[in-house]
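Report on the structure given below.
Which chain is which? They are A, B, C and D, in the order written, and residues in each are numbered from 1.
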Amino acid sequence: MTYYGLHALQHRGQEATGIVTSDFDFTRRRPRFLTHKGVGLVADVFKDANILKDQLRGRSAIGHNRYSTTGASENKLNIQPFVVNYRGGNLALSHNGNLTNFKTLRERLEGEGTIFQSTSDSEIILHLTARSRKENQIQQIKEALETVEGAYSLVILTDTSLIAARDPHGFRPLALGRLGDAFVVASETCAFAPIGADFEREILPGEMLVISAKGGSASGGDEAEIRSEQIAPSNPKLDIFEFVYFARPDSELLGKSVDAVRKNYGIQLAKEHSLKADVVIPVPDTAIPSAIGFARASGIPFEIGIIKNRYIHRTFITPDQHVRERGVKAKLTPLPYIIAGKRVIIVDDSIVRGTNSRQIVKMVFDAGASEVHFLVASPPVKYPDFYGIDTPQQEKLLAATKSLEEMRKFLGATSLHFLSYEGLIQATEIPENQLCTSCFTGVYPIDIGERAKEVRKVDF
Amino acid sequence: MTYYGLHALQHRGQEATGIVTSDFDFTRRRPRFLTHKGVGLVADVFKDANILKDQLRGRSAIGHNRYSTTGASENKLNIQPFVVNYRGGNLALSHNGNLTNFKTLRERLEGEGTIFQSTSDSEIILHLTARSRKENQIQQIKEALETVEGAYSLVILTDTSLIAARDPHGFRPLALGRLGDAFVVASETCAFAPIGADFEREILPGEMLVISAKGGSASGGDEAEIRSEQIAPSNPKLDIFEFVYFARPDSELLGKSVDAVRKNYGIQLAKEHSLKADVVIPVPDTAIPSAIGFARASGIPFEIGIIKNRYIHRTFITPDQHVRERGVKAKLTPLPYIIAGKRVIIVDDSIVRGTNSRQIVKMVFDAGASEVHFLVASPPVKYPDFYGIDTPQQEKLLAATKSLEEMRKFLGATSLHFLSYEGLIQATEIPENQLCTSCFTGVYPIDIGERAKEVRKVDF
Amino acid sequence: MTYYGLHALQHRGQEATGIVTSDFDFTRRRPRFLTHKGVGLVADVFKDANILKDQLRGRSAIGHNRYSTTGASENKLNIQPFVVNYRGGNLALSHNGNLTNFKTLRERLEGEGTIFQSTSDSEIILHLTARSRKENQIQQIKEALETVEGAYSLVILTDTSLIAARDPHGFRPLALGRLGDAFVVASETCAFAPIGADFEREILPGEMLVISAKGGSASGGDEAEIRSEQIAPSNPKLDIFEFVYFARPDSELLGKSVDAVRKNYGIQLAKEHSLKADVVIPVPDTAIPSAIGFARASGIPFEIGIIKNRYIHRTFITPDQHVRERGVKAKLTPLPYIIAGKRVIIVDDSIVRGTNSRQIVKMVFDAGASEVHFLVASPPVKYPDFYGIDTPQQEKLLAATKSLEEMRKFLGATSLHFLSYEGLIQATEIPENQLCTSCFTGVYPIDIGERAKEVRKVDF
Amino acid sequence: MTYYGLHALQHRGQEATGIVTSDFDFTRRRPRFLTHKGVGLVADVFKDANILKDQLRGRSAIGHNRYSTTGASENKLNIQPFVVNYRGGNLALSHNGNLTNFKTLRERLEGEGTIFQSTSDSEIILHLTARSRKENQIQQIKEALETVEGAYSLVILTDTSLIAARDPHGFRPLALGRLGDAFVVASETCAFAPIGADFEREILPGEMLVISAKGGSASGGDEAEIRSEQIAPSNPKLDIFEFVYFARPDSELLGKSVDAVRKNYGIQLAKEHSLKADVVIPVPDTAIPSAIGFARASGIPFEIGIIKNRYIHRTFITPDQHVRERGVKAKLTPLPYIIAGKRVIIVDDSIVRGTNSRQIVKMVFDAGASEVHFLVASPPVKYPDFYGIDTPQQEKLLAATKSLEEMRKFLGATSLHFLSYEGLIQATEIPENQLCTSCFTGVYPIDIGERAKEVRKVDF
């Protein structure tokens, strides 16, 4: 189950993956945790079916796909779930998000003699739990979560329970599903269908769920029970980038279909920008619904005019500098029969560095387009993220250093248009104060501490 | 170059892959062949960049992606390119297609004491070449090709030349490109753009091309020269399944864009079948252009209503029998906001076994469709292929054993419609006598020998 | 250097091995530790020469060969050197010996929230160091060593120093060598010659040596300086089993050649036991010098009458139960031309379980011996070891449960003779009170705590 | 069984190893061959016990340890046993020795179109067998053996039989053993004891043995029957180097204990050279019996004065040029307490290049010897071997280019003495005309063809 779930969530992290199961060792009459982790995609790390069948036995499990935002990606000790055995028993943890007071806490604990194994911010939660004086694991974890700040969607496995928790702002998604008598927790709802589970509800910002076997014994029956506790007041700030780019289109966030929201972005784009063109083409895959929305609202024909190679993943070797353009060429091919002699509108989901977009514009002109209008289904990204998405330093963000016209020239496009910020909020159909929009506005809901030095206000 | 080319052709074979380069060993003053092969995708087998940079040096190279039609897939000796050193020098070979007189030839050679290393039909060409009494490699290869029958698109590397050859019928594609002073040969034209090469022309049925360094020395200059010889009269029979399913949409075959032909299939479908529905949805990815064509011709809105997981490849573990439906569920998810309460038209490229189609129909109904009309952008597949596509035995082909109504019931669809055979030919815009259509008609252009016993005429 | 040293010390641990180097990262201007560890012999774990040349750069290094006495051998986290990064900087540690107050200390630290990574007793020293309030690493380590009890010969690598320390009793050996301007520390002196170093002196019981670059900077010059501190009063108790069995014959301990001491044991045996026989044969390899000594003193001819297979190591698969004797048969072969029809004296170094000895007696009789006299160059082993040698539980020690005559019967020997305890001490030529003889006497120099329950007094 | 046998024969080849079993596939009702091969020692290549238990099932098996004399050692295709499937069925082959007409035969077969997979001379036997027109496998193999010339001790596995054959001169050993109702064939008799088998007799020069299940069926009963055929007249020429260096001391050749013959060499040395010295020390391990023989005959005390590291094998990384002496230092250590101030006699088995001997002399002087007399238990090696032992080119043989006094100077020894050729023959106690002594005499019993150019007569 966990394997299929991780596979459905592969887009959230492609560097490394792992699964931990909680098994009851009847010979030694105590729980034990079984682990398999590795660098690469889910299908590669678990390609030996025996790992799943024989090695990862047990009644409950958690997994993790790694996408590094803190902690060196080459360090194998940084692959989650983290597993430890401490006074309170076994503990495994998977964390999505970034802790903003990580440095302060790490220095404090190191000052008290704690030895860290990884360079990841997530490890801090384990040490805080192990050092808690509270009498049971649930209380210890709760105390640890009261100490950390920032973004965290967590699943934790103990000897007796599966715990799910989300920070008070709910920056990153986390959802609860049901599969017969059992419960399932996943970052996105798209993980439920492949395992036959039904989406129940989102874990609330500030909520902690404790799922255990009815009766409570680690070696006990199959039926699960669930307890919820609001461990901090909810102040929701879902990262709007989940809608713009990160989440899978077949997921649902705050009651909205991600695909439908992206289509709305395209419709809104058409309202804001009236263009004359012969064909609307998405940059595959994220921008497809926005391009369909734009085409329908504008009346300009939609075409899949750029084909994406279906086998491009992380293991693909990045070409050398002197063949720099090959990266995009190996990934995307234009269809001249659709493009040649046409006024083309390209729709993309967002512009970050702008280097790929520039190559796409060139590629479409090379395929014979007479005009290339570049439309972006989100506002300019002017500020870096600190809550769990790996954006480059601010000076590498195209919109942080260039005006609209400068950007258009950089891309080499006939025209360049962004969705307005107001249009974005309106098309998302969620109140602005329930969203984190820091990438566009520079407004950070949680103090980012000393990292504030990395950000300056962008004035144009 | 070969790596990027193989990567672009990954869809033609995902089991195993290999590259052989021809290098001149200046120390020992003679050519030597360098090889790396392995089971898996191109990006995985060559994931160590040092293999490409250091190990596979040389001035010319060939590669192969394996898709097994003969020869056990688990046998590593069956991974191509095959490399041998014989009296005439080094020889490496990559073969796409099936030899129809394979068994007869193998028995004859074994009877004369030849030892075979693999169970693949392709190895026969090597032995015939090595046993030829002709005085040079080119003549030896030519003699070998005059002996074999069936489908072959070949690239062969010798100590001095790169040879490309195609059987007299040209069942499988093979194209010539140019990259500066050098030449490139690939199964499909989609391999040229990623490496910056330009498509020149197709290798003709019955043609053999010999590409060598100008002046002819193995250690010689960089400029290439090319010689063409028609080694057998051309009688073109390109497999129409390349258009229907196999080739990449951004390839060109016989002067036609594959994507455009597929769009024509959709337009033709709309002419043949007038349906009332609310939305047209492709089964991703092959059927997308057909669905767009159908939608445009019928006026029914097009939607990407089924999302495909982008990480599904061969290494993905097939779920056990009791979770049979998970295979499709892990791969495809419907979008209820598009489907619920709607009369849905699903467009797929073809129906072979029908098991996947059945699950897709169920999935779309489960997502709330009121009607599910299943449209197929090709005629019923009633006969197996013997020229290089891995189709199941005839009795496992849905259309070989069931009438249209029986098929509809099996799928559980509201209605089921196929493209007519005449419509297929017309929409392909290539004369029928230049195509191999055996999957639909049971007419086999080359005698399939004793395998004829595997086929019976389908009457409905 | 470390590789060759570990290789010379391979006999002290064959389960796993590792090397850690301290390198100065000039880019980031700070020290970093580089590590390679693995299960198996030194030559196997480091068989890729690039690991040594490229990966393990640096100016100082420590290594470790694992021989498990505490901590599960299958746990990879138990492979030393242990490496951590804590407040004080990088720290790596290799430990030979057993800590007797391990359980108490671990429980105390876990109670305070410390998370342990391994099940090894050695890890405790790292946590005690990290938690020390002392202001520099040297003082922190010193404080940690004042807390632990038991046997420890240690090498520790910090960002600026290489530290060597030995417990106040000096149970296990530890020696200092010099190589040009540099210093080397090794468990036995036999590690010096292979790297071209000269033996300087033993580290004293209770001594801590700090070796650093002259001037003290981590990125500094090549000349080393050394400081010594007696951190606890010396009360020497070298484990006499190092002479009897464990150390390599070409090592020197307390000024004595191990080979020479073993020869003395043989001479002493001859004084104590006058036997009539035709030939003296050692069980190879440890007993060879004792057999030579016995032969010379008794005048009975010495012969290598049992040949040892030179390729028997840990990776050799233990045969199944029903071929139980194959283990010894695959390892040792008798030479009938030496044995047949003779009265044979076999000399072995010690008897622990007695199972191998029994098979050897049978093998020699099968080769035609008329009499087999079994002589042991040490007294009966009646008590288990708790200071770093892996002996079985007391009830599995042959001499703990059987009288001399019972043992003789068990072995099936014509006669059985042990070296007397007094003879052992006398032949070692070291005062009895400077030796730990607990295996023979049951007198344990350090309180073994709750493990005392595992031992009972043997009366015969 | 084969695993334990290969392990006992590890000294005959340490590069690579493999096992092939013949199993009857009851599902498909036909025999099949199962294989596992790899680079490294037996214990490493087969360290996964499942390979032996599950993968290598069957009723008969052959194995091989590779020691390369022809064919590049890095080529994995050169690892034996070779396995092929040809018209006659399955065939696997293990070959010890060198074929002298290899080049001629390979050129002839290649000229007829045969493709070779390896660069090994052994493959020729497979092709000759496959091309034979004889009607059964036994006759085909016999015909192949009548065509090849040179040294071959062979075991061959067919679908129904285990075949053992030895060339008419019997250059390399081959012995038959019995284990209950079954038969065992091995290069040396030392392989029988570890598996519980009894030595029956040597395979005779020119003899071919066919061992099959009684009744002859591949799926048949357990009892074996054996047929012998003299396929060529016997003209025995056992390579005397088997006694001098190659064979294990616990093997028996032509009725002589190898260990006893080596002891005789030492006794003979003492007869030929009367020296004044304090101690006799062998270079371990081969020279130990010769040193014991010498010591006993001369009355000078025997000592193990040089200790050999027991973990030195092929995987050990050869040190760089600038630490050239470390190779010997990592392998051998002198014991100063035995050597210092003494007149030392070192006994070695042979001198080939002389580089190791030179370092040993220096090492012994460095350990304090006042004189170092170097005695060699065989005559000077002046000519290369062409029948299966890997000797260097003639100009690299110390005795091929230097006089006795020049050699002494090169070694730096006080004196240097060799066993006389006549003494060697006499001490071997086998008629000279039954031995191949070409290394010492330059007399080659079989024409070595064009390789004769590599040899010139040595006159001193």
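The rule is simple: a contact is a pair of C-beta atoms (placed from the backbone, for glycine too) under 8 Å apart; a residue touches a chain by one contact, two chains touch by 3 or more.
Note that the structure is predicted; figures quoted are calculated from it, not measured.
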Take chain C away and keep the rest in place; grouping is one piece
Determine, using the mean of C-alpha atoms as each chain's centre, which chain is farthest from chain B.
-> C
If you average the CA atoms of chain A and of chain C, how many Å lie between those two points?
-> 52
Between chain A and chain B, tell me the centre distance in angstrom, where each centre is the average of that chain's C-alpha atoms.
-> 36
Residue numbers in chain B touching 2 or more other chains?
-> none
Can you list every touching chain pair?
-> A-B, A-C, B-D, C-D
For the chain D and chain C complex, residues of the former touching the latter = 3-4, 7-8, 10-11, 41-44, 46-47, 49, 52, 190, 193-196, 248-250, 257, 259-260, 285, 288-289, 292, 296, 301-304, 307, 309-313, 315-317, 319, 323, 326, 329-330, 333-338
So in the complex, which bits of chain C are touching chain A?
-> 84-87, 110-117, 126-127, 130-132
